[in-house]
Amino acid sequence: MPYVTHRKVRFQHCDPAAIVFYPRYFEMINSVVEDYFAEVVEVDFRAMHVERHVGVPTASLDTQFHASSRLGDDLEFRLEPTAVGTTSLTLSIHVHCGDELRLSCRTTLVFVDMDSGRPIPWPDAMRQRLVSELS
Amino acid sequence: MPYVTHRKVRFQHCDPAAIVFYPRYFEMINSVVEDYFAEVVEVDFRAMHVERHVGVPTASLDTQFHASSRLGDDLEFRLEPTAVGTTSLTLSIHVHCGDELRLSCRTTLVFVDMDSGRPIPWPDAMRQRLVSELS
Amino acid sequence: MPYVTHRKVRFQHCDPAAIVFYPRYFEMINSVVEDYFAEVVEVDFRAMHVERHVGVPTASLDTQFHASSRLGDDLEFRLEPTAVGTTSLTLSIHVHCGDELRLSCRTTLVFVDMDSGRPIPWPDAMRQRLVSELS
Amino acid sequence: MPYVTHRKVRFQHCDPAAIVFYPRYFEMINSVVEDYFAEVVEVDFRAMHVERHVGVPTASLDTQFHASSRLGDDLEFRLEPTAVGTTSLTLSIHVHCGDELRLSCRTTLVFVDMDSGRPIPWPDAMRQRLVSELS
């Protein structure tokens, strides 16, 4: 079952054409991934980055923009893991406004020790949560 | 021959791990595309957006992040068109710091009438410039 | 009575010191002003900018940063109008995390016709709502 | 003599009215302060933040926005120190486009040990450079 959350298109997201400037979609997506880790994986970004010196930088990102989003739109983000590797996680993300698909994205994150900059295996508890969420 | 330009990694681009937060790469890439249109295609974004009510929104974006970039890094952006369609343009972008490849990206833009929101054919002069730059 | 709302400090707001990079506070403040207009003044930014071609650009901004905010902090924004001019609005904004004051700000907005770029008087309905909210 | 540098108004800086969204001015100002430290004070932000774990967070910021800036504008930033305290630095910043004043700002930074979060005195070499630049 996908994780579902919403973001409103704000003034700060919009370009001179009054539509979302695409780098702002990735700020929204990052905040959705942040909520997913806090609420579903149950390890928040503060605990990861500040206390444990680990992180989940993005390794790849394949995105299609299907239709523009406008100031004031209510966007629904659907996120689900599609693969859990030893050190990686692949997520599928779909963004709708009402029935209209706006953006679809497939992204792979890597679990990294921020001190060494190197990938490390998911801790068992995180891995089990992620695997249990696989679609 | 690719179009080459540089961007410095600034404080505003960096996350709590002191590496570039990936949406900031897309702000840099957008500014590089902006310079490419102004300098190579010879139609700047102000003329497009403000005077002619046309734009080049992104339709797709496939990105690999090969290595992290850090505060103060001097990044070299190499951009070259790989396909020119009736209404679209595909660009290949590589970002290096010294010899190290940091990011590679393939993106397709669409030439759009901003009033209707619909794709329109490239004007002849723009199309000829783009085609002459094909690698 | 002040208008009160909350924002969470996200990864995208934080700098290499893992504290809020100050321009991000102003993105948050702008989104709070956006909600204030939609919920209290009952004219949202989409109606203003897209339908009526009016806006509320910032004319001045005086800010004190009292203490740093960190990744994951829950910030409370308190906003209240302190003066309503013919074409202007002065707001007082205080940001707390728990009992700790993080930021205080006094800002003046101007009601502007976006086509001419010139200040215009507040419409009666908006003016009455703003005056009734004066502290 | 003030430190002078330029920034171009880019697509990423502009809002649905095709003028600079004010938090983007502070990103530009921060990058100008970054260049000032690297070029005039001769201590760059990477050395400060990554190697020495010190920083210069903003303590206060008083800004007047005199006129709007538009996509493609070439902005001139003039920065000069007006006071150097034991742990603080006050800067006066003026932004022009051609002859037109767009923004004036007075900001106070504090030299901080990022591990403790506490102000510390400027090292002698930095202090001497700053004092020699006082207008």
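Just a few scattered comments:
Each chain carries a letter (A, B, C and D) given by its place in the written order, and its residues are counted from 1.
By our rule, contacts are C-beta pairs under 8 Å (C-beta built on N, C-alpha and C of every residue); 3 or more make two chains touch, one makes a residue touch a chain.
Each chain and its UniProt protein: A, B, C, D = Acyl-CoA thioesterase.
Owing to the predicted nature of the structure, the values given are computational and were not obtained by experimental measurement.
Comparing the CA-atom centres of all chains against that of chain C, the greatest distance is found for B. Two copies of one chain, chain A and chain D, form a contact in which over half of the residue numbers belong to both partners. Counted by C-beta pairs in contact, the busier of C-D and B-C is C-D. With centres defined as mean CA coordinates, chain D is found 23 Å away from chain C. We define each chain's centre as the mean of its Cα atoms; on that basis chain B and chain C are separated by 33 Å. Counting only residues that touch two or more partner chains, chain C has 11-12, 16-18, 21, 23, 27, 30, 49-50, 71. Because contacts link each chain to all the remaining chains, their graph is best described as complete. Within the complex formed with chain C, the chain A residues making contact are 10-12, 18, 27, 30-31, 34, 44-46, 49-50, 70-72.
Contact residues of chain D toward chain C in the complex are 16-17, 19, 21-24, 26-27, 30, 49-50, 55, 57-65, 68, 114, 117. Listing the residues of chain A that touch chain D in their complex gives 11-12, 14-18, 21, 23, 71.
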